[in-house]
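For reference, chains read A, B and C in written order, and residue numbers begin at 1 within each chain.
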């Protein structure tokens, strides 16, 4: 069978069997987790390697009638993020999670299946279904700690997200009504004859629906809540994959179905860039006010999404490269920050800024990792965040959005204000604090792995960029994508 | 080819291996002297290219000015590292190496990208040095980092503007973004209005950190100003105003290191003037002054350090410890004082003379005289407290040998340059064509000094009086308060009510749809 | 022929209004359900053809309805059903912990 299909099927099947094994034997459960993780990693590498030129996998040999999966560089980059984050998070949470550990792992597998599906599919309704699969497991994962706050945040997330889903579904149905097909390539061809107004209405429904899941500013309110109350390993996936898969889907729809000419014509690119600027300015301002580190990092995630939005909505080649690279980098940087925070929480139950005082001397290497990731996310050289921000700013200037480029620098300054606050707290001496539990290697190793990627991708950005550089070819020029998808 | 900056950066890594003091000494000695020797044998004209992203970058390029600056940076790096090696912890020493290494890289860089990266690295390493070095400097470090970050970001914005205008990252093609380069350089130079980080930082951090910071931070600013902004005549007046401001502020201080920091602002004024007139003589003068200034200001900061180390206090009264109890330190103080006041046969005289000779406009010449006058006035105050006031302060502990070594080393170099000013010219093959020991020149050089002695004796009771700190108004803090206030308002607006959040969402939808029409 | 679409629109707006304006958690869930139903109704409507039969591959039946929206409707119903289940479960938990069903009083998370 095709390996791309197994990228979706394997986690789903694993989740199913894990559910059964959980009832009988812990040993069997964990060995299945490990085995399926290793196989999954192998599959991912296989598919990523094979992503250029793009490949189409048609399920069940139905041709264009059935559901097609398509792997191009954009999806390959997402598979890379899945590979990096999923593996680290699973290893991390094997020791970290104490309550509902089995459920956590099962749900994570389901979520990964949903996200992998979103990334690979070339079918509009299928996209919606996978979106719901990943969202549904996210709701459960948010509530998994079973505290007051986690249930409240899960409910808020659920209502807001469902609100967005309605509009996505509505837009999907309308698209089908207008074009009579769900295959993205065919929709794109049919769309050429659809009136401008109707097309842009549909586009706005899509943008609004996905905007809630992405967390653009007036739609973001559920997001910090969900960060504060959910287990920290899930936060890594949430900021690195759940949010990002939504923006992936949106960008895929906009560029492939509507085409870049239509986007320019309808003015959505201007709106998107402005929206991105608004998002990160407000999110940075709010992040400064937070005393809870999870919340602070949550707001920071929203802000970073702002940068990504700017990059992807610029509509030029460099912007797409920079935005995509920032998606990857943000996943890594935020993952590092959350994992370090997770270790602090594991050993001292510290997740307020006040609690981490003096930990810089207790965990020197971990704190150093935190500092590296924080500086990277602020966008200071020589770390990876700087490279992607540089690319985004350069693209913004090239596209004529000088104000956006300028405000990115302002945002960099604003983010420094609160990250520096945290770092200084980390290195302020204090008397008290007893170590409750010593973190062991399975917690530290994933953290250091992600942290070292921050430095590696900053110094040798050509490593990921060799993959990312191909992304604009199939997004900016959607006829190429369509030709391959139609099997031409 | 190993560049001196790279050597220092590698040294920061090698120091991880330093398990005990002995290895620490050996590594530090090898790195610092190695860098000095490499810099000495660099041939101007050499350059190195690498490819990064889509650009061709020049991380290393040598010319006369950069070699000169590199030499003084490596030389004083040697002195500073040995001055502080006993007191500083290993991680701080690593930060110092990182800091020196990145400033050396900035000096030898040939393009804006590398310049920006190492400019930021300097800022990061120095800020972390300030933050981690003691418990009292957290807030100072925060302020310092933010202020420097503004400078770094405006440099970056300038780089972008210039890149989009010219399409190149070369240092030679500066067309656009000049105001932003000015802000960036101005913050590094502690230009009037942008100087607020400097006095508080230099007076709060431990003394050896002050020594290291004072050598590189402002001087890199001067160097980058030469690269990006040389020949903008109007800046000469700005430099003059900044320098006079520095004098006025310095005269009001009664803390040694605050006085010295304000005096940096004054001295940097000379360099700004030299660079902005843009002629070869002016630039040479500015860079010779940079060298001389690094020498004597470092010595003075080291003296302040010795005073703090031995007495534990640092008010001007505590300078009374100098004298027979600390012979080497006292001697160094006197030499540095003569130098900074521009007395002939000391090194400050030569560079001041070059700058003065390069000037044409009478306003600037008079300004320069006024600056010399003010400088010696403020250091007469220093000397007065050090030697002419009776004091009964006792030594708590003796200064370490490594401190005295660093101090003495620089003093000897100062004396050498003072007695034989042609030494610097020969070293760098720059011919200034000025006879320093011409009677007329010497007279005009010593005049401001003599006047200041007279004025000091006449007005002593006003000058040595203790001034209250006047009301301290910092516009940047006010701006920060507004930012925090806005954030607070926004944050209470997120009051946890789901129906409100849904309302925001609907409003957004309506706005989006209305944009459609 | 237009009337069913009008019903869809009315249902959709009604549901959205209920979600936004009602303070009671259960009513919000009901609102979600109403929107869900309106969308499913829309799906059925767009495939509907007057006099058409089920899509059986046989020459005898010339006029068949479009089968794809029906399949989609089934999927949407499944998704909607599970959503409502999760929501109601959370509402029960919230009621147990907060002792209220008023959405404005559930605000431990803010800032």
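One rule holds in what follows: contacts are C-beta pairs under 8 Å (C-beta built on N, C-alpha and C of every residue); 3 or more make two chains touch, one makes a residue touch a chain.
Bear in mind that the values here come from a model prediction, so they are computed numbers and not experimental data.
Among the chains in view, A has its Cα centre nearest the centre of the complete protein Cα set.
More inter-chain C-beta contacts link the pair A-C than the other of B-C and A-C.
In this assembly, the C-alpha centroid of subunit A lies 43 Å from the C-alpha centroid of subunit B. The mean-CA centres of subunit B and subunit C are about 68 angstrom from one another, to the nearest whole unit. Averaging C-alpha coordinates per chain places the centre of subunit A 28 Å away from that of subunit C. Within subunit A, residues 155-156, 159, 163, 224-225, 289-290 each touch two or more of the remaining chains. Within subunit B, the positions touching two or more other chains are listed as 491, 494, 496, 498, 502.
Multi-chain contact residues of subunit C (touching two or more other chains): 16, 19, 106-109, 111. On subunit B, the positions that touch subunit C within their shared complex are 491-492, 494-499, 502-503, 506. Those residues of subunit A lying in contact with subunit B across their complex are 155-156, 159-160, 163-164, 167, 197, 200-201, 204, 207-208, 211-212, 218-219, 221-222, 224-225, 267, 271, 282, 285-286, 288-290, 360, 371, 375, 380-382, 386-387, 391, 393-394, 397-398, 405-406, 409-410, 412-414, 416-417, 420-421, 423-424, 427-429, 461-462, 465.
Partner subunit C is touched in their complex by these residues of subunit A: 125, 129, 132, 136, 139-140, 143, 146, 148-149, 151-156, 158-159, 162-163, 166, 169-170, 173, 176-177, 180, 182, 224-225, 228-229, 289-290, 295. Looking at the complex, you find that subunit B touches subunit A at residues 53, 116-117, 120-121, 124, 128, 131-132, 135, 138, 141-142, 145-146, 149-150, 152-154, 156-157, 160, 163-164, 483-484, 486-488, 490-491, 494, 496, 498, 500-502, 504-505, 507-509, 512-513, 515-516. By the touch rule above, subunit C contacts subunit A in their complex via residues 12, 16, 19, 25, 28, 32, 35-36, 39, 42-43, 46, 66, 68-69, 72, 75-76, 79, 82-83, 86-87, 90-91, 93-94, 97-98, 106-109, 111.
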